[in-house]
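Remarks on the structure that follows.
The first chain written gets the first letter, and so on, giving A, B, C and D; residue counts start at 1 in each chain.
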Amino acid sequence: MFCIEMGVRDYELDMQGIVNNGIYFNYLEHARHEFLLSNGVDFAALTEAGIHLVVIRSELDYKSSLKSGDRFRVEVALERISKVKFGFRQRVVRMDDDKVCVNGLVIGTALNERGRPYISPQLEALFSA
Amino acid sequence: MFCIEMGVRDYELDMQGIVNNGIYFNYLEHARHEFLLSNGVDFAALTEAGIHLVVIRSELDYKSSLKSGDRFRVEVALERISKVKFGFRQRVVRMDDDKVCVNGLVIGTALNERGRPYISPQLEALFSA
Amino acid sequence: MFCIEMGVRDYELDMQGIVNNGIYFNYLEHARHEFLLSNGVDFAALTEAGIHLVVIRSELDYKSSLKSGDRFRVEVALERISKVKFGFRQRVVRMDDDKVCVNGLVIGTALNERGRPYISPQLEALFSA
Amino acid sequence: MFCIEMGVRDYELDMQGIVNNGIYFNYLEHARHEFLLSNGVDFAALTEAGIHLVVIRSELDYKSSLKSGDRFRVEVALERISKVKFGFRQRVVRMDDDKVCVNGLVIGTALNERGRPYISPQLEALFSA
């Protein structure tokens, strides 16, 4: 399973002293982009080429909170949901005690310049790998 | 229905020129806190008093994107899900054409200083109103 | 003097319970873009047209902190610094007690598609107004 | 000289496709906190103990932009400015070509629970090292 290791940065904490809920979204997005890159799909290059990878649904369960100093890994597993939809099963797991902090499913698609769903051959290849 | 009006700020846009997905989480959180405040529940004061309102699950459907200059409203409706869980039905709606951009359900609970679920009388009153 | 009114959003607070220093940067940028827009200069449209307004220097003095619930105004005054540089004198002032929270000077320029300084007629007009 | 290595995350880019100016502030803050931690000063622990490290002035020169995929290092050097003020000389340097992206001076102080400047023995030790 693909995963990246990250560390909490203090500016990501909110007044409760824990990582703000919205920040997990950033963590998950970053891990997805790294996952895609490791599979030869460059999000920024795609964007410049007029192909927009977009999120259409997210379901996140917040199980436990990250704090200052915590290190964690973000896991990414890809599955095909339909002809034009793909799902990323993602987890944020604290390194220290292997506790799952966030468990999520993020569903996306790709749009061409006319805003129509378009799974390019490069994206298609992700599923046949 | 409770709602607040907001405007896109350019620093919230990503390289696709649209509001980044993670930012909607911020919009929704801000609207929830304003909703609570309008009902006499001050998130910051609660936090200082050791009662933590936390999100335990979020389900968001991204229907349409916001861009530079867009104004939108964020709607909030509260429902009781269980003894200790409450759900916020929330929508982000573009003002210009009344298009729904995000449709979401955010489920939360309240924890006391020992990390145990605790719906204070003040929170309890939200549901009997 | 141009100014906009804004309110603190709780996700902008850090673990000290005050608005994180980096956030003031966002406030100032948003106010500059609104200032430009009110003078007929649309940052997003310029960007799409290949003209990039960029910040080259910022000097900020942090005088006082904003907290949850605070409302404030962000002031913007424009001055010409050189043929290709312009300066924004900006202040963040808490509404409640008129206290200056941040006092700043943000210096910018405009770059064309080749990355060369280029003050378009539209930008030039800002100074002759 | 103390430095940490970081990588651009795509959510940090703005519609110009470059790291938003406000984000550099986050990078610099994170590097300062890591610097302090490596010298035995834990920002989060200090905050909980009622000692607030605060920024009172920042001067940043933006020389060059970071883009998607860029790796960079953030350098930190500490100097004493007065009895109660300390300065962090910081640079953001792109790894690829050793180009300086941001050159900055961030001046801070420490406040005790009454909001009075207070350089604790632990902080004092930073300068005698």
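Going forward, a contact is a pair of C-beta atoms (placed from the backbone, for glycine too) under 8 Å apart; a residue touches a chain by one contact, two chains touch by 3 or more.
Predicted, not measured: the structure shown is a model, and the values here were computed from it.
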| item | value |
| --- | --- |
| Which of B-C and C-D has more C-beta contact pairs | C-D |
| Reference subunit A; chain at largest CA-centroid distance | C |
| Whole-Å gap between the CA centroids of subunit B and subunit C | 27 |
| Inter-chain centre distance, subunit A versus subunit C - centres from mean C-alpha coordinates, in Å | 32 |
| Subunit C-subunit D separation of Cα centroids, rounded to whole Å | 22 |
| Touching two or more other chains - residue numbers and ranges from subunit B | 10-11, 13, 15-17, 20, 22, 26, 29, 44, 68 |
| Contacting residues of subunit A [partner subunit C, same complex] | 10-11, 13-17, 20, 22, 68 |
| Subunit A contact footprint on subunit B (complex, rising order) | 15-16, 20-23, 25-26, 29, 44, 47, 52, 54-62, 65 |
| Subunit B residues touching subunit C - in the complex, by the definition given at the top | 9-11, 13, 17, 26, 29-30, 33, 37, 42-44, 48, 67-69 |
